[in-house]
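Look at the two complexes coming up: chain A is in both, with chain B in one and chain C in the other.
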Partner chain A sequence: MQVKAPGRATHASPARPEHPVRPRPTTPLWRSRTAQGLAYAAPTAVFVAVFFLLPLLLVGQMSLSDWPLLAGDRGGNAPENYTDVTDSPLFWPAIRFTLLYTVLVTVVLLGLALLLALLVQESRPAAGFFRTVYFLPGAVGLASASLLFWGLYSPTTGPLSRILESLGLVDDPVSFLGSPTSALLSTVFLVVWKFAGFYMLILLVGLQRIPHEVYEAARTDGASRGQIFRSITLPLLRPSLALSLLLCVTGSLLAFDQFFILTKGGPDNSTVTIVQLIYREAFQRLDLGTAAALSIIVLGALLLLNVLQFRGLRRADES
Partner chain B sequence: MGSTTGPRRPVHRIATGAVALLAAVGLITACGSGDGGSGGGNGGGGAANAKGVDDGTKLTMWTRAATRPQSEALVKAYNANHDNEIELTVIPTDDYQAKVGAAAGSGDLPDLFASDVVFVPNYTSSGLFSDLTDRVDALPFADSLAQSHIKAGTYEGKKYVVPHTLDLSVLFYNKDLYREAKLDPEKPPTTLAEWDEQARAVDALGGDVSGTFFGGNCGGCGVFTWWPSIWAADEDVLNEEGTEADLASDTARKVYDTYRGWVQDDIVAPGARDETGATWTGVFPKGKVGVMPMPSTTLGLMPEDLDLGVAPIPGPDGGKSTFVGGDAVGISATSKSADQAWNFLAWSLDDEAQVDVVAANKDVVARTDLASNKHSEADPRLVTINELVAHGRTPYALKFGQTFNDPNGPWLALMRDAVFGDGSSVAKDNDAVTASLGD
Partner chain C sequence: MLNRALGRTPHYIVAGGLAVLFLFPLLWNTWASVSPQPGTAQQSGYGLGNYRTLLDYDAGLWRYLLNSTAVSALTVAVTLGVSLLGGYAFARFDFPGRNALFLLTLAILMVPYATLLIPLYVLLDRIHLQNSLVGLSLVLAVFQLPFATFMMRISFEAVPRELEESALVDGCGTAGALRRVLLPAVRPGLITVGLFAFLAAWNDFIAPLILISDSEKAPLPLAVANLRQQSMGAVDYGATEAGVVVLAVPCLLVFLLLQRHYVRGFMSGALKG
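Presenting the complex of A and B:
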């Protein structure tokens, strides 16, 4: 037999006294919670719309249009810009080079940053001094640092080549940016010099969050330095390492300033990065549509990569 | 669960999203409506008087950093003697194209803007300049204006620009080093072979002295200094429309071979292979290079104690030519003060400005009838340079920048293969240059 729930009676019943229906006080719309909420959200919403959404929408629109930099018809041409992207003979070499550069920089930079962080981790005499010295290059802008190194590397006017000559290490002026390999390594050297201190700082914060008690317990158990590093430092440093990795990989995939100033993609187009290719499409070939399409592709690739990295990070945290 | 905020979250999200979207759409619409910036020019000027109007209007003008001293001198002299006032903005050379393009797209061009003459066809064909045909033709010295600049600025039969600053490629040679090498300092090379001999003779002095120098990683430098040797043989490098390249001809190969010989035998000063153009004119003034092509605008910047001579760039078997570069200037299509802007342009070309400002600064005058003037008479090198204007050329191509100046463009690949490689891919590279010109 079906038991009817109280209050669900089908027969007509008098108004339930326990729930008297009272007319809600009428508040003007502008004082309602919704309106207030909207007012609070509006400044941020406008900010996000103007500085994040609008540029993205514009780039999206550009990527679907024939959009020359100079005045002209800006009609839609989808998906031509996307299919044209691979037409440039520089496209695949630029992807290969950008990936090679990213791997090289990430390995060298994070390795050195970790080493520096370990060196200045403890409060030894002069540790503060060294932390400052390592971090100092990080305070120089990348474009300024690139110009500085461009001057240093110059075989005609730079001092590096002359110093090597006066030391008798080389006979002729050294062309640091003259061959594909040396141009790549010279740029990597600049980037490592510039950013090692910055990543050292991130890792240092991570290192200092590891409780001393854990180390003490390990030492009491007779663990060697290597064991402590492998079994305690590295696993507990994982969040900081993951953050550094994310920043370093994203930054390297978007490399532009250093190559634009140091090598201009040369010698012989051996150091053209993806972002340089975007710049070239936009400002040398004056074709904003293709440049925008390339930008959207790079954005998509970076989003995918970051999602994968975040997933990996989260899984590592859970485990 | 008793949460009071729970049910409101979607409302918040929707509202926030709606505000953001409305703002974005509103702004896009606003931006979209400003597209047609380059229309509405009023510079036809048929009825305007030949000297324009000097009524105290404030005018804006852009120029690139590479020709800053010349533009500044002209603007300063004009502002000192006229009611109109020009506010000059100097923009880094590498950013100039992008800046002009962006300003054109948003209708923010200045009243006057100068441009590297090789990029002028790009701007005229895009409608960025006002038509100056009647105004230019009305000038009493119209026929004496540097015709290569006028030609570069003529599109569909209409003239859009006048010469602003002229920068010619010429050979600079160090007379002291010539004397040391037992060469006659008054006999600069008249053929490519003589240039080769003299460079090698100076290089033989040894030490840190080199025979010659060039910007081996700089497409613009190659265009500026190599092409005159091809033109001197009365051959061209581009077709009339600027859509096809002829850079693999026998004459062109003779030029490349000479440069390759210098590289192979180490006649070139260190750094040529890496030289991107930023410092290539800084090598000769140090006094350690025998003979090299340079921009004529550097003459006024040379050290006082450097005894140097100037000569035309020769072809393989003689002849002479030059790349008539520099800046041409026009009135932007959006200027509301075309008559006042023309007043500056007309003044900048008259006798007084050309002689007392341009020639006094050891720069090339924009008029062939003033090639010999009171300043050039005092320095025969200036006469040599000024007279070259009539023998020079300015190449015409709509896609000039992306083909020849782009450091990742096809011309630089050709150049580098031709002098640092074995030259085997010159024909293929020439096809790539043609493809880029027609792209």
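Presenting the complex of A and C:
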């Protein structure tokens, strides 16, 4: 670029043999492409260092130290925080509950999302309208959706209980959040409502990547709709299904808002998830060290899970 | 023709039935927020009594709306700024540590948000940003960075190099080329990133719950959740329902307005993901 611009050098000394002009030595260091690249990347680097790497190191250190929420002695106490975590009477129940919730949500959510994607994939009239309607709950935040469903489920003023009563299905107002099982199922219902449209979008992308010719060839061969779905749609959709699975499992294992707002962990601590336990250790038991140890355990487990799932994802992508 | 229409009918019954199920909670909540209910400010007839309760609740609805707007605006601005520069750097420049930094930025995705909030709580305290809307916005922006940086990098890579080179030849610096030539070209990417950041910041609950201790500084989701939890015994469903409407309407409007960008950006992300 500099070769074209300055004609001055050749004007000043026309006798000099023409070298290809090298821009580098004449450019000040701060204007070199390397330096400019570094400058443009600097904000990202600062952010990643201060708000990601530093907290990562800190959570490790905290997990090995006595760390009361308010002022207090902050010496090392390894591995006391970790044994505190595993000795907590809520630890194993919370893990069991989180896993149960994750399996339930994943199966129901991805099943419904696949149905929705199949319903709106073709360019039928109104397909776009239905896509928008199914996605709308996705634009509402999870906390807002939880507050909404909290009103919906209310035994006194909520409409669901009244609908069931007027249909004669129940005699008394239903307390949707009152028993451990119904509290779990009610929360799953909320999460499915909120996220089905989101996963529908991911699966739509996958469906649209399947070439039309494959379907046409199958139809010419006389395959039934069921056969086409089983032996073409499902296998070719595997990368999108795997991505949905990864996001859904990771998201569900970290569930917090919906339980904090809808059930507060109740009834009888039956719906306490792992992340809620972190919150309770830190801000109810005022022990940041134990909360940090629990964070490290969750972090390690999810890292392992992500690595395993990424491998599966890649394999699905190759096939 | 008639046959084909009849053939589609079951499809429309299923799709329509599901559409009703998906819309019902939103419609019910909106209707309930203006309907009469015992134990609310809207005891008889239809009206905005519940919204008036919300206006006067604790620090007041305007304060909470202002907090939420400030946090969202700052998060969007920081996310756009950092990812614009970062995306440019990763797409167009060669510098030591480039790939490592890019992978490290993506690695933020691998670490669950909730597990970093405990150390961030301590860290923000040390730099005097705890219980501050600025600190909250910075934290929210960090967790937008993986998607935003990725999105801006592919946006810049999609712009032909010649466009930028001709600007450089005409005497622009790289900053000038970025501002005058590249910025318009990557606008769709910026809109997508901004929209994602807005929805995430406006709706986030756990970060303000942990990082904000002063109810004056609570964003709207936290304030509405508190409204429900603080009322001992008597629960004001009406005011909560009004709060949900105030929370949801901006999201639904923004989504409906920018739907095309959202879906497109989402799809390009999902394709590579």
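A few remarks follow.
Here is the rule we use: the second predicted complex is superposed on the first by the 274 of 319 C-alpha atoms of A that agree within 3 Å, B and C clash if a C-alpha of one lies under 4 Å from a C-alpha of the other, contacts with A are read in each partner's own complex, and residues count from 1 in each chain.
Following the convention adopted for this analysis, a contact is a pair of C-beta atoms (placed from the backbone, for glycine too) under 8 Å apart; a residue touches a chain by one contact, two chains touch by 3 or more.
All values derive from a computational prediction rather than experimental measurement.
Chain A is touched at more residues by one of its partners, and among chain B and chain C that partner is C. Contacts of A:Leu58 after superposition on the shared chain: both chain B and chain C are touched.
By the touch criterion defined above, A:Ile228 lies against neither chain B nor chain C after alignment on the C-alpha atoms of chain A.
Judged by the touch definition given at the top, the superposed model places A:Leu164 against neither chain B nor chain C.
When the two complexes are overlaid on their common chain A, residue A:Arg280 makes contact with chain B while staying clear of chain C.
In the overlay built on the shared chain, the residue A:Val48 is in contact with chain B and with chain C.
Once the two complexes are overlaid on the shared chain, A:Leu236 sits clear of chain B and of chain C alike. In the superposition on chain A, contact of A:Leu303 is made with chain C only, not with chain B.
By the document's definition of touching, of the two partners only chain C reaches A:Leu142; chain B does not. Of the two partner chains placed around the shared chain by superposition, neither chain B nor chain C is touched by A:Leu104.
The interface of chain A with chain B overlaps its interface with chain C at residues 33-34, 37-38, 41-42, 44-45, 48, 50, 53-54, 58, 154, 157, 282-283. For chain C in complex with chain A, the residues that touch the partner chain are 8, 11-12, 14-15, 18-19, 21-23, 25-26, 28-29, 32, 37-39, 81-83, 85-86, 88-90, 92-96, 98, 101, 104-105, 107-108, 110-116, 118-123, 138-139, 141-142, 145, 149, 165, 168-169, 171, 173-174, 199, 202-206, 209-210, 221, 224-225, 228, 237, 240-241, 243-244, 247-248, 251-252, 254-256, 259, 263, 266-267, 270-271, 273.
Contacts from chain B toward chain A in the complex involve residues 8, 11-12, 15-17, 19-24, 27-28, 31, 35-38, 97-98, 101-102, 104-105, 122-123, 126-128, 217, 269-271, 273-276, 279, 282-283, 401-402, 405-409, 412-413, 416, 439. Residues of chain A touching chain B in their complex: 33-34, 37-38, 41-42, 44-46, 48-50, 53-54, 57-58, 61, 68-72, 74, 90, 154-157, 172-173, 175, 177-178, 264-269, 272, 276, 280, 282-286. Residues 1, 4-5, 31, 33-45, 47-48, 50-56, 58-59, 62, 67, 116, 119-120, 124, 126, 130, 132-137, 139-145, 147-152, 154, 157, 159, 193, 196-197, 201-202, 205, 209, 240, 243, 250, 254, 256-257, 260-261, 275, 278-279, 282-283, 288, 291-292, 295-296, 298-299, 302-303, 306 of chain A touch chain C in their complex.
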